[in-house]
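Got a structure for you, written out below as structure tokens; questions coming shortly.
Per-chain numbering from 1; labels A, B, C, D and E assigned in written order.
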């Protein structure tokens, strides 16, 4: 679906909805370019766009497949950029990724959104209102879109950090419900974190090349802006790498916690076993049916034995208490 | 066995089956090249091919041994490329690798398949139907073959991902059958994953050199195509590295799960031991055969004791239930 | 808040408090520069400063956001440096970070402190008293500030090392209180250590560039001084990396300790179970109510059985003692 | 001991055993070189050789010490190469390393074997029979020796792989004998693997330099041959790195297996404890000696109790069977 | 304290003890240099030396602080080198480090020892006796000192290796004393090993620069000698890295061993519990006081029950023996 198709001349959007062919024509005038926004285009729609702009066969294959890593390719002087947008879903604690592709030529930008990639209407509005920026042409649009995508990583990181904190609390909670084990949550969060890293880190290299300004169509005024986005991405990637390392530690610490608790439980159990076991042994002995057992016939034998039993049980209790088994 | 031997002039396949010698002769005409396809050649067959094309002694040694890593060597201006084809067997959860070797000269391609390396007939058909590509000569064949091999990695990765998902389910299943432990499956999958990585990752460097177009016989039009294959391979390698990291976590998470379950079991067992232990202790005490035990002679002693026993057992049950041991 | 605003000419501070506009004017005289110190400036204050000095839009955005990684950016020949100050709180065993930003131009330095970043009054005093240094201009101020920040890392490292030593003692203590597990402390210290690494290591690269003297405004005399700071930072980062590695080992060693102790406990418990179990079995057998049990009627049966019981218990005790279960 | 001392002119070995001095003299003729083979030379023998060939003092120190890492040094235009030969001993599962050193000058090769380094007589025979190769002079000898040493790594890797497979079987065996734990074997194999890596990996860099042909005495025709050896070594090192990674996983998987088995055992034990515990509790209760216990006096009390006991035991058995504890 | 202060002219030491000022004067003659050896100099002594030789302020700060990493700095054409000497204490199994600093100018060497850094008298004697070397001037002294320091690493590595072997034996010992756990020793050895690595590895880079001969004062004849020291250091660092990796494995293997042993113990205990438990259950049943229990009145009931008990116990014993639980 063609979502929007606008021609910008000297940074100003021309009025009216232009059909694709006219837009392309208009974009060839000096200081003009066209930005075509597609959302999950049908093969026919895409073929139309491809022919008009002469997009490279390989880039088009990728654009349709939409299972790319973030990357930047140069085909005959035009750029093809793949971005991954991320959205954090707090309920499922999952990060949803979608794909956004940009074809950037001298006088055109074609953006292709897949899945739930966030709509670019806001980006368009923002850049349309910033004349000094949009005058730089298609590369300014590229910057605005990447900036938008990278800014959207921040809430994802906040969501992951929040989960991290909850997991920390769960791992070191004094009491935890039966059968509850944070290791599943740790594992699944780690999976998301590794996934996030994998979908964002490869963008660092393209951003570095854009900031260095050595690509076709580079605009010197934009270099700082690309470097700024690169810096934001570096921060996001560094935060995620930090989370990744901490989660491994959390898994190990959780195991240590469980093992320590198990040891404590075993000691408690054993202590009570000992306390209850002593009377049982004595009872078993004096429960034997020998005809000749002198103690049994004494007047106060039972009371003596009972007192001794209770005394020893109490001593055991005190002792276990002291060494920390109870 | 010589599977196919065809001469291409200006991108068109010459009719008829040519014997090796004639094919070689024909390939020396301008804009022509020959593609000889071998499958597990006997030493004699191979020697014949080697002499005709003047292949380098060392490359030939490697081609016969067929226990190579993926690599690209330049011998006197000709290329020798070793590829690993992969096929995933879902029943055994194993990845089967086979070897494919290519000798690429100015006017010839010799492809050598070993073991179950996937047949190249399809590749040949595809490239024969794409005139613009095959006109680029032997390097176009090289590209088509590598592209085919790398594309075949995708179903392998899908298979491994599928196993990953099953393993995740098994690790975190609430009930699992006696003696069942996913750690064996995790280990074996990890072995396959490491193996896959080892058989694919070294191909990245040769592809990078092919994409950079600095090798003898490089064709500028093909650079983008090789870069596209490199990109696909990067994606496969990145997915495998991701699986590798997750599997380590899965092994640790599994251990934590088992330990937590063990602790829960131990608590349950101990709770029942305590509940059953109390009447036993009391029974042992009142089972002693002392002649003088006043309680035994009372009218309702037994009922009182029985009531106390049951009461305490019930209290213990309630308490263990509350703290989550039952 | 503008904390201090002073003009230095030939290394000497001009008397009197100058308003911002006059200070800027004065700084344009030869061999002069102005150093404006801000602390959590309001947007209006900051806007005033920005306009006077023509600071770059992007740097200003960063300066207001204040969630940066350490970095050095060059905007139109001026430097923008972000530093992280660290302070160790012994009570909570946490490292508190704050942010310090510097805009360094040919004739001005603007320093912006956020949160609890240590005040720079001391740095100002120190550098004002070192004529030979302050004559080098704004870069000397930059050096003095970074030097101050990096020097403040030393007590943090001492604090972390101290915690490390305490943790080591706790892990390998012969007796530890019930429920006490150093793994939580190890984990939290590791989190601090990783955090510290993340907030200091990225500064190495900017310092390297400053030491190499290739940045605008570089002063050859200061290269050694920047290299010296770089060296101090390298030492701090290396110490932290060392702590990070040791903490992982500590977590593993702790788990091993707990497991060994558990095994020892289980053996002790079992030994006592065996010693108490034997009389219980014998008692149960002779407690059976069969009418015809010849042993029960013998004169010394009970004493013989008692002696055998005690003897075997003693033997078991000796044996368990010898094999180290008791 | 001087094992062999031969002069080669135009690739042909001169007849007769020459004393060292004459050999040196002869080697100075055009297209000639001498190859002196030493085996654990005495200091005097070595001193004689050193003086004749003017070997560098430092290389000689190393040659006598013989505890080197693989390396290649250039001293005044001559090469000094240290190699590690490896032999796998299947009985002890140990890899035995020995040292082989080569001094390579314009017209001489001095090879020094230490310990059980494999004899070079075979290498000498092979190269003497390959005229085209030996005509390249001392560098051809160097290639032949390195090729021989690296080829000898293959059986070592096979041996290690074989052990790996046995260990895998042991780790995941359903039944394993009491006290048997593969972790010792895993550890010791890992030690060998790490050792092998350490003794072979550093040779990659020298081989790379030899293949690049930038060293003194480099012969263009040999570059491919050195690259071939480099490739073989890369394969060996990659296989060893693979084994190293898998062994770490095996250790973890083994721990998980043991823990799972322990949990299964504990459940079985507990189930039987419960089944046996119920009659014991009932027995203890009805074994009490209260004078007034109505049930005891009933006609069928015993049979009812017995039936209830057996019934409950059977129910418990069924239940435990169902949940997989038995 | 000034330990020694000597002037060397043409490699020969001048007779007599010269005061510092005269020594400096004499060193300015051609082919002369002075070597001043200090041991923990007081600030005043050091200030005197600093002024005479014009040492750089920053290097002097470092020299007094003496908590450096190994490094090499160039200040105004003079070198400042920091070394770490190591000594292994077998009793405590600790490695003691001390610091050694060298200022190397065109015509002077100032060596500063801190703590227990090994005295340099031996080095001085050795180099004084090697005329060809000492004629190369101050750089020869630098080489001799570094060589000495690096050679002293060898016994440390031997000591650590020795501990490694002892630990391996302890981990895999069949019997180990109660409460004995090698994990503490493994951890502490690992700490030493990491520390050693941290104090030696950073010296590799300075040695590489010295071997490359690109530093001021480089003497072409010494390049090989520095490369030789670099090689020795590489060997030491590689050995330590090997120890580091093995120790991690040892910790894991130890944990596996303990867990296996625990499982074996639990099985043994359970087997005995079952064997002793059966008679107890039977005893409890026949110990019930029901008035009507027909078995009790039979003539041989007791003997039958006794026989059945013993028989079943024996069967259980046989069975547990067979499955390896006993």
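The rule is simple: a contact is a pair of C-beta atoms (placed from the backbone, for glycine too) under 8 Å apart; a residue touches a chain by one contact, two chains touch by 3 or more.
Quick caveat, the model's predicted, so the values are computed rather than measured.
Residues touching across the subunit A-subunit B interface largely differ between the two copies, under half of the numbers being common to both.
On superposing C-alpha atoms, the copy subunit A sits rotated by 145° relative to subunit E, to the nearest 5.
Chain centres here are Cα means. That of subunit B falls 25 Å from that of subunit D. Averaging Cα coordinates per chain places subunit B and subunit E 40 Å apart. For subunit E, the set of residues touching two or more other chains reads 252, 255, 259, 261-262, 266, 273, 280, 283-284, 287-289, 293.
Taken in their complex, subunit B has these residues touching subunit D: 56, 58, 61-62, 67-69, 71, 73, 75, 175, 177-179, 181, 183-184, 186-187, 190-191, 194-195, 198, 202, 248, 251-252, 254-255, 258-259, 261-262, 265-266, 269, 272-273, 276, 279-280, 282-284, 286-289, 293, 295-302, 305-306, 309.
Interface residues of subunit C, counted against subunit E in their complex, comprise 168, 171-172, 174, 224-225, 227-228, 231, 234-235, 238, 242, 245-246, 249-250, 252-253, 255-257, 259-264, 266-267, 270, 273-274, 277-278, 280-281, 283-285, 287-293, 324-325.
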